[in-house]
Structures are given as C-alpha cells and as structure tokens.
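Next, two complexes with subunit A in common: one pairs it with subunit B, the other with subunit C.
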Partner chain A sequence: MTLADAATATIYVLSVAAVALGAVIVFGRAARRRREERRARLAAPARKLLLAIAAGDDDPDQIDELVRLPDEVWTAVDANAVALLNKVRGEARAALVVVFERRGAAWRARSELHRPDPVRRARAADLLGILGRRDAVPALCDLLRDADADVRVVAARALGRIGDPEAARPLLESVATRRREVPAHLAAHALAGLGVGAQPALVRGMDSPREGVRAVAAEVLGLIGAVGATGRIEAALRADPSTEVRVRAARTLGRLGTRTAMAPLLDALTADHLPVLRAEAAKALGELGAPAAVDALTAVLGDAEFVVAHEAARALLRLGVKGRAALTSAREGSLGGPRRIRTVAAAHAREALAVAEIDQHRRTLAS
Partner chain B sequence: MLADWARELLRLTDYAILAYFVLINSSYLVLIGLAWLEFAHHLRRVPFAGHEETYRSQLTQPVSVLVPAHNESAGIVQSVQAMLALRYPVFEVIVIDDGSTDDTFKRLDEEYDLVEVPRVIPDSVPTRGAVLSVHMPRVRPEPLVVVRKENGGKTDAVNTGINVARYPLVCMVDADSILDPQALLSVAKPFADDPLRVVAAGGVIRVANGCTVLAGRIVDVQMPRQWLPRIQVVEYLRAFLLGRTGWSRVGGLLIISGAFGLFRRDVLLEIGGLDHDTIGEDAELVVRLHKHLRQRRRDYRVVFVAEPVSWSEAPSSLRVLARQRRRWHRGIAEIIGKHHGMIGRPRYGRIGLLSLPYYVVFELIAPVVELAGVVLVPLGLWLGAVNVPFAIRFVLVAYGYALLVNLIALTVEEYSFHRYGRWNDLVAAVLASVVENFGYRQLTAFWRVQGLWSAIRRSKQVWGTMHRQGFSTDASSAGGS
Partner chain C sequence: MTAILVADDDMDIRDLVAFKLEQAGFDVTAVDNGLAALTAARLEPPDLVVLDVMMPGMSGIDVCRELRNDRSTSGLPIILLTARAQEGDVEVGFGAGADDYIVKPFSPRELVTRVEAVLARQRA
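So, the complex of A and B:
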C-alpha cells in the first residue's frame, strides 16, 4: 500500500467515523430526552405526594400510596426522595423514613454494602446514614477502611448522621490509618455529629501516640462542648509535642470558654511559641472574654508577626470596655515601647476599631 | 539538480507536517479519552458528593475569592453580586481595583455604599503598585472587600489580593466571570477530600456569550449567535474542559486558568505569589508550584474540576481575539523559556518528562508547523514537489482528523454534561467544528506565532484591554452574542 492509498483509506475512515459520531450524538440526545420525559411523567404524581409529606402532611393514606408505587415509578422519583429526606426534619422526616423503610430501602442498602462496585457501596452507605440506621453502624465502621477513598468518606459521613457514639473510636482511628485514612476534618465533622456521647472516646484519643488522632480529638471536644475535658485539653496545650495539636487545643479552649484556660492560653501567647499557635491563643483569649487578658493582648498588638497582632486586636474588641480602651490608646500611639512597635500596634488598633464601628452601625440599623 | 533536491526536501517536509498533524490530533484524542474516563468516574459519584455536608460543616476551610479588576465597570456589579451569592459556608470576596480609569469603583460604591477601612496589609508576597485604600460595605452584611491600588497589572492585583486575604484558601476569579452557584463548593471539594496533598484546583471555563444571565447567574445556556465565539465554544470544550481534565487524570496538569482557580494560600506564600515578569502568570504559577514542591520531594496534587463551571465572555472581534492569542502564546513561550531546566529531568516526574515536553512539541511549535503547512503545501504544489491529489489528501486528512477530534469532544460533552440542550445549538456546534478549520485555525496560528516572536524578541509586555460588553441584569443574552 502506498502512502497515497493510506491517505485515501484514512479519509474514508474519517468520513465514516464523522457520520457515525454525528449519529451517536443525535440518537444519544434523542434517547436522553425521551428518558427524561418518561421519568418526569412517571415521577409527577409521586413527587406531589412526596412534597405533601415534606410539607408536614402525614396522612397515612399518602404514605401507603408511596409505599405501593411500582418500582419503576419509585426509581424515577428516588433521587428527589433522598434529596428531600436530607433537607426535612421532624415529623416530615420520620414519615419519609417510614416510606423508605417499608419499601425495603434499608434492607437493600445493607445488602449493597459489600458489592464489588465502590459506587454502589457508597450509595448504600449514604442512604443508611440518611435513614439513621443504627443497626448499620458496625458495617459502616468496616467501610472506614474501604479501599475506595469515596466510600470511606461517605461511611464517615453516614456515621456522623446516625450519631451513635459507638462509632467514635473507629472514626478517630480512621484518620491515622495508613494509606486508607479518612480526611481529618471530615472525620472531625462526623465525630461532632455523635455529640457528647463521644467524649470518653475523644478524651482517650488525646492520649493516642498518633498526632492526627490527638489533633482531631482536641478539635471535636470543642465542637461538642466537652467542658468536662478542659483539664486534658489544657494539658495538651501546655505540653503536646505537636504544634498542630496545640493549635487545636487552643481553639477548643476558646470555644469551651472556661476560666481555667486563661493561664495556658496566656502562656501560649508568649513570643517563644510559633506564630500560628500564638495567633490561635490570642483569638481564644478573645472568645473567653476575660478582661484580665487585656494587658497580654495589648503587649502583642505591635508584634512583628502580622497574624498575631491582627488576632490580638480582634480579641481586644471582645474584652469589653477595658479591651476597647486599650485599642483606643494604641490607636493614639500612647502605648510604650519602640516607635516601630507603636506604629504597628496603632495600625492594627485603627483597623479593629473601624471594623467594630461598622459592625455596630449595621447592628443598630438591623435592630 | 539543486531544484530536484529542493523539491525532494519540500516533499519530505510536507509529509512531516502531515505526520505532525496526525500526531497532535492523536494526542488530543488520548486526552479526550482520559477525560471521558474521569467524567464517568465523577458523574457516577455526584449523588453522594456531600456538598450539603460541606456547606453545613463548621470545619470547611474558608475561601478568599480574589477578583482583580481593571476598567470592568460594565459588569463588575453583576459579577460581584453573583460571587457574593455563591453557596459556601464562609468566604470573602476581595475586589482589587487595579488603577481603573473608568467608573469601576464608583459602580461598586453606588451598589454597596462602601466605606474606607484602615486595613493593615502584610507584605507576604511582593507587590509593585501601592494600595491606595481598602473599603467594605457600610451597611450591607456581605463579606466584600474592595481594594483600590495603583495600576500594576493583573499579577500585581492578584498578589495584593493574596496579601489582603484572610482565609487559608484563595480563589482567583476574573472580574467578568460568572460562577455557577455550586462552583466554590465543587472546586474546594478536592481540598476537603485530600487536604494534605491538594495544593491547587482548577475549574472549567466555558463561553458565556449567547447565554441568558439573570441576577448574575447563567440561567439558560445557548450557543452564541456569532461564529467567532461559537468556534471558541468548541475550542474551549476540546482544550480547556477535555484537555485539562485529561492532564489532571494523569497528574500532569500544567495550567489552571486565572479565571477560576483555587489555591492553598500558605503554598502561594512559600513561592512568593504570582510572577510579575511573566505574561502567562496563571500557568507560570502552576509550573513554579510543581517545581517548588518536586524539588522538596513533597507529596502533592494539582487537580482539575470538571463541574460546575465559571463562564467568561469570549472575544467577539478578531482584534481582541488576536491580542488574547498573542498574549496566551507568549505566556507559554516565556514559561517554557523560564523553566526549560525542568524538561526531561526525572526529578520533576510527569511534569518534566511528559507535560512540559508535550507543551514544547504540541503547543509551543504547533502554530509554526500549522503556518508552515499553509505555506509549504501550496509552495510544493507550485514547484511540483507534490501533486494536486496529495495536496487534497493532505488537507482532508489533516483537517478531517481535527474535525473528528472536535466531534468526539462534542460527543463526550453530549454524554456527560450536555449543557447545550437545544437542537440548533448542536447544529451550530457541529458547524463551528467545521468552520474552525477554514480561516480560524490559520489566523490563530498566525497570532500565536506573533506571540512566540514577541517572546523571543522579549519586546515590552502589553496587557491590552479586553473590551467587554458586560452581562445584562435582566433575562437577556450575555454580551457578545
């Protein structure tokens, strides 16, 4: 075959392929439209029923009607039903859960958890979480070590939704599983969903040899308001070898707002710590709202580290009259110390006070 | 004798050009294939993507959206409105008015009743133009910051924005961009799923011309009515959506458009922000990011998110298009010139061994070869080096293959995102795929060669102005339609 023959053959192949692709596009679009129209037609009556239930109408007849829907109709409306279940709360949610349960959705989802296809495993885990099935917790905990990253994430999310404290330890461990970990903040979000029941496992997590576990435990203790764990968190802020853990401990102490946190936070604010920890400590001191921290915060208003000075200024705004007075004084340049530091402190104070003034103006107009 | 030798050389050159056309289109085909795999993977997982959870979570990383603006008065208010309406738990929008000489700032001031705030701005990354003032809304609660600065170019504006940003993720968005409401949640998802490794994520840019914009949102997607933007729709689809998704799939993504990209701020600070002296500052940033992280042997990922998207107004005049393409190609040439040391070095992994060599062979010199084909095939014909049947086959194979690649791209779009729902849009897209080969490709090749030449000559960088018609606030078509 000569080059010219090859070129001619290529042209024929290209022409045929172009026509074939045109047909694939046209038929594909036509088929999709037909499918969508059919789905919309099938789903229309069922959607009305779903919306009525979501609006709070728990008429048993409507629930029965949804339960009796043929599978092809339910398939057409399934995605809408799951979306609604995700959005509604209270009795409407309970009624929708009944529909799913009576249609055997939970049973089917449980049987799907071990399918070879990761998408089916993830969808099943997602649905079990939405339905709040506590009996699925052990199986979902197993999925935290799944080979597929999405399945692990969905399993963690489902456990957070179900809210069974039994999942606390597996969730904590999932952040430090080599090669099959769950991203730390997704695990933390799920753990926060378990509420105070997770506190014992989280406090134990603070003693884990793994940095990731301690960091997540420290963060979540703040999110669930574990005031009883303050002592352990303060100890972490003072002595944990990991900066990441100490930063989260500082943030948690700010969230918990206990008085005893003041001393370790003031210590973390001093110049011999990393800026990221000092800034977090400054922020937490603002959240504590204790005027006793004013002097320490004022002292770092002119800090060379932007983030420390910035957070200190914002924190002072939250410390009442004394904090504002310190800012005003800094703005006027009345603080002691070298001129460079006074200039920096004045700039941060000016910004904080200006922003506070705008916030105040907005609040006044809103009230 | 000499004439025979010259004819033979010309004949061989024509064959080589044909082979090059086949190779470059085959490479597009491979990238489209990879993109298809990625889409199939992505679309099956959309139902449990967890955007709702991300939206509700207190632990979702906040984002600073940086909007550099220079003389963007036509659409700035609508763009900012749309950005402030994005669905994301905690974010701020920072508009950096880079010395506009029109009423960009005035428009924002009228809309948001701005008040000056004495913000302290750290010099974390280098900037050139001084900040004149910083403003925020006096009454409205939107998290908007407007920075007025001396003109210093887009790079300088973005770097200023990085300094002003308060959050750990920064999103760069063009002032004329319209983001889908879920765009921020989607582009931030890789950072949530793989927080330790993902350092940058790029979003898709599609052509807004012809679409209906309502309250700063694209509510109806249509093909533009003009041929120039129509061709760009197909081009963006092939090169931006499918090409970049393909590169992302193999871990070799080199370009994240400055029109829509999300970065970890701490990593941007490490590498000193955008480079003032490169015209393709967005792509250069990503290449430098790769270089920096590979040199330190850090485990990282740069990813591309195929959906949702950012919509941008494409040039609807040849003059503006010419300027854009000259600038883009000059950018590629400068980046490759600046980072040529990475090419072929195993130390830089797929970037050094695959992506950069590909960009040299199939991007940098592509317009030169394309123009050579336009000149040498007729020349060969004239000198008798090739005959008429060869010339016809040359054109049919080279452009027929390119057309086929476009059709495959349209097929992938039709079976994945199918954003263009009307039958006449489909017809327009197919026709645009054909028309692209007759005039458009050759013109853009010419402009790209000009860009390459200006990079070689190192002539003064000219940013140029993208004349925008802006987006209407009511339910009518976007500018340029």
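So, the complex of A and C:
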C-alpha cells in the first residue's frame, strides 16, 4: 500500500466515523426531546394540581386527585414537587407533605436508602430530610459512613433538617474519621440545625480525644447559643492543647456574649499566644461589646502582628464612644510608646475609622 | 384588573407565584429574567412588580434600581422575593428602593397579603 492509499483510507475511515458520531448525536437529541415532550405531556395536568396544592389550597378533592395519580404521571412531576417542598412554607408546605406521605414517598425513600446506586440513596436521604421524618434518623445516621462522599453530605444535611438531637453524636463523630468523613463545615451546619437539644452531646464532644470533634463542638455551641456551656468553652480557650479548638472557643465566646468570657479572652490577647488566637480574641472582645476591653485592645493597636492590630482596631469600633475615642487618639499619634508602634497604631486606627465612615455614608444613602 | 409583573428564573416559583396571584384575582405577566422584566415594565407599567433577587444577568436588585431611576416607572411598588435572608441583604434590597422583601421559603398566602398591603399603601 502506498502512502497515498493509506491517507485515502484514513480519510475514509475518519469520515465514516464523523458521520456515525453525528448520527448518534442527532438521534440521541431527538430521542431525548421526545422523552421530554412525553414527560411534559404527562406532567401538564398533574402540574396544575401540584401548583394548586403548593399555593395553599387544602381542597381534599385536589389532594386526593394528586394522591391517586398513576406512578408514571407522578414521576413526571416528582422533581417539581420536591423542589416546591423546599420553596414554600406554612399551610402550602403542610399540604404538599400530606400528598407525599399518602403516596408512600417516605416508605419508598427508606427502602431506597440501601440501593447500590448512590444517586438513588442520596435522593432518598434528601426526601426524608425534607419530609422531616424522625423515624428515618437511625438509617440516615448509618449513611454518614456511606462509601459515597455525596451521600454522606446529603445524609448530614437531611439530619440537620429533621432536627432530632439524637443525631448530634453521630454527626460529631462523622467529622473526624480517617476514612468516609463528612466535611467539618457541613457537619457543623447540620449540627446547628439540631438546636439547643444538641447541647449535651456537644459538651461531651468537647472532651473528645479527637481535635476535629472538639473544634466542631466548640463552634456549634456558639451557633446554637448554648450560654449554659460557657464554662466548658472558657476552659477550652484556656487549656485545650489544640490551637484550632482554642480559636473556635474564642469565636464562640464572642458569639455567646457572656460577661465571664472577658477574662479568658483578655488573657488570650496577650503576646505569649499565637497571632491567630490573639486576633480571634480581639475580634471576640469586640463582639462582647464591653468598654472594659478598650485599654487592652488599644495596647495591641501597634502590635507587630498585622492581623492582631487589625482585629483590635475593628473591635474598638464596636465598643462605642470609648472605643472610637481610643481610635481617634491613636490616629492622631497621641498614644504613648516608641515611634514605630505609634505609627503602626495610627495606620490601623485610620483604616478602621475610614471604613466606619464609608459604612455610615452607605447607610445614609440607603435610608 | 390590577396588573402584576412577576420575574423569576426558577420555573417552579414563577408558576407558583403567578398561579397564586391569578387565583387572588390579579392579572399576571410572568417573565424569566431581569432584562425581560425591565422591558415589560417600561413597555406597559404594571401596578406592582414581584422580582426574584438572584437572576442570571440582571439581578432583581439591578432591575429595582433601574425602575426607580426611570421617571415612568419610579413610583411602581416593588416586592423582592429572595432566598437571601441576612440583615445586610434585606438592607441592600430596601436600599435599592424595594417596598417589601419576602424571604424564601415563603408562604403563598402571605405573598398575596403582602401584595395587597403594598397596593393599599400605594393607593392611600
């Protein structure tokens, strides 16, 4: 075979392949369009009923009609129905839940939790969460160790939505396993959804030997407003061996805003701690809003660690007239100490006051 | 009949809002993006506009500002419908000139009540 023959044969083969590929794409699209048209045809009357229920019509006849729809028709509107469940509240949501329950959706979803297909497991977990099925909590907790990462995330989210405090311990433990873990921020979000009922499990989590568990527990105690756990969080800020846990404890104390948090936060601000912890302590002191912290924060305005001085300046802004007076004084260079420190303090004070001015201007324009 | 323009890129929400408002006796025009909402409002100003905040391209906030800056539409009552519930988001919404702000998930019945309240305020 000559080179020319080989080139001709190659072009021929490529052309045939291109035509075949084109045909597959065209036929594939046509088939998909036909499927979608059929789905839309089936869905049209059911969709109208669905909208009526989602709009808050609690007409029993309409609910019955929707419940009696053949599975094929319901499948065509199932995705819309689930989407609407997430988007409405009040009577409209309650009516939709009735339809799902009477169609046996929860029962079916529970049986789908063990399917080999991870998409089906995730969809089932999601639906059980949306429907708020407490009886599905143990099964969903099992899914926190699922082989598929997305299924684990959906299960965590579903547990947060259901809000049963029984899920607190499994959720906490899901963040710190070597394999098959749930990302910490997602677990924290789900735990926050459990509310104050999760407090006992979270306080116990503060004693976990695993750093990840203690860190999430410290964070979530702040998110759920667990004022009763302040003592345990203060102890973590003072003595936990992990900087990450201490940082989160400082943040939580700022969020909770209790008076006793002042002393450990002022201690964490001192120079013998890591800058990341000192900065968080400064921020938390600002959140507390206690003018008694003004002197300590002013003292670190000229700190060599940028992040510490920056957060101290922002915190002073939140401490009312006394805090602003300290910033103005630092901006004018009136603070004592070496010139280098006064210059740094003046720069941070200038920035904080400028930001406050811009914010004030923005608010004036908005009102 | 009182005319209401609804703009939301989410078909489920758009159809639901239109359905509920029509059921309540309003004449509803529904569009799926901000630019279409702006065009429709300028072409034939409705009595009230319901805007989703997060739409691709032109957001509900952008549409709200544009409507307020245009002499022919500056007085239109506008309700923002959004999943963004932070204080700052609400502030931005009202700052853009919205008359009311409804957070998703929402109650369709409450939506109608709010629409009627904003219209009543406008007419007073």
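Keep this in mind: the second predicted complex is superposed on the first by the 350 of 367 C-alpha atoms of A that agree within 3 Å, B and C clash if a C-alpha of one lies under 4 Å from a C-alpha of the other, contacts with A are read in each partner's own complex, and residues count from 1 in each chain.
One rule holds for everything that comes next: contacts are C-beta pairs under 8 Å (C-beta built on N, C-alpha and C of every residue); 3 or more make two chains touch, one makes a residue touch a chain.
Predicted, not measured: the structure shown is a model, and the values here were computed from it.
Look at A:R32: by the touch rule set out above, it reaches subunit B but stays clear of subunit C. Touch counts on subunit A: comparing subunit C and subunit B, the chain ahead is B.
Of the two partner chains, subunit C is the only one that A:G90 touches; subunit B does not reach it. Looking at the shared chain after the overlay, A:A4 reaches subunit B, while subunit C stays out of its contact range.
In the superposition on chain A, contact of A:V203 is made with neither subunit B nor subunit C. By the touch criterion stated above, A:A356 is placed in contact with neither subunit B nor subunit C. Look at A:L365: by the touch rule set out above, it reaches both subunit B and subunit C. Residues 86, 365 of subunit A lie in contact with subunit B in one complex and with subunit C in the other. Residues 3-4, 7-8, 10-11, 14-15, 17-18, 21-22, 24-26, 28-29, 32, 79, 82, 86, 119, 122-123, 125-126, 149-150, 153-154, 157, 183-186, 188-189, 192, 219, 223, 306, 309-310, 344, 347-348, 350-351, 354-355, 358, 361-362, 365 of subunit A are the ones touching subunit B in the complex. The touching residues of subunit A, counted against subunit C in their complex, run 47, 51-52, 54-56, 80, 83-84, 86-93, 363, 365-367.
Subunit B contributes residues 15, 44-45, 47-48, 50, 52-53, 57-61, 115, 117-120, 122, 124, 136, 138-139, 141, 192-195, 389-390, 393-394, 396-397, 400-401, 403-404, 407-408, 410-411, 414-415, 418, 423, 426, 430 to its touches with subunit A in the complex.
Put simply, subunit C touches subunit A in their complex at residues 10, 12-13, 15-16, 19-20, 23, 91-92, 94-95, 104-110.
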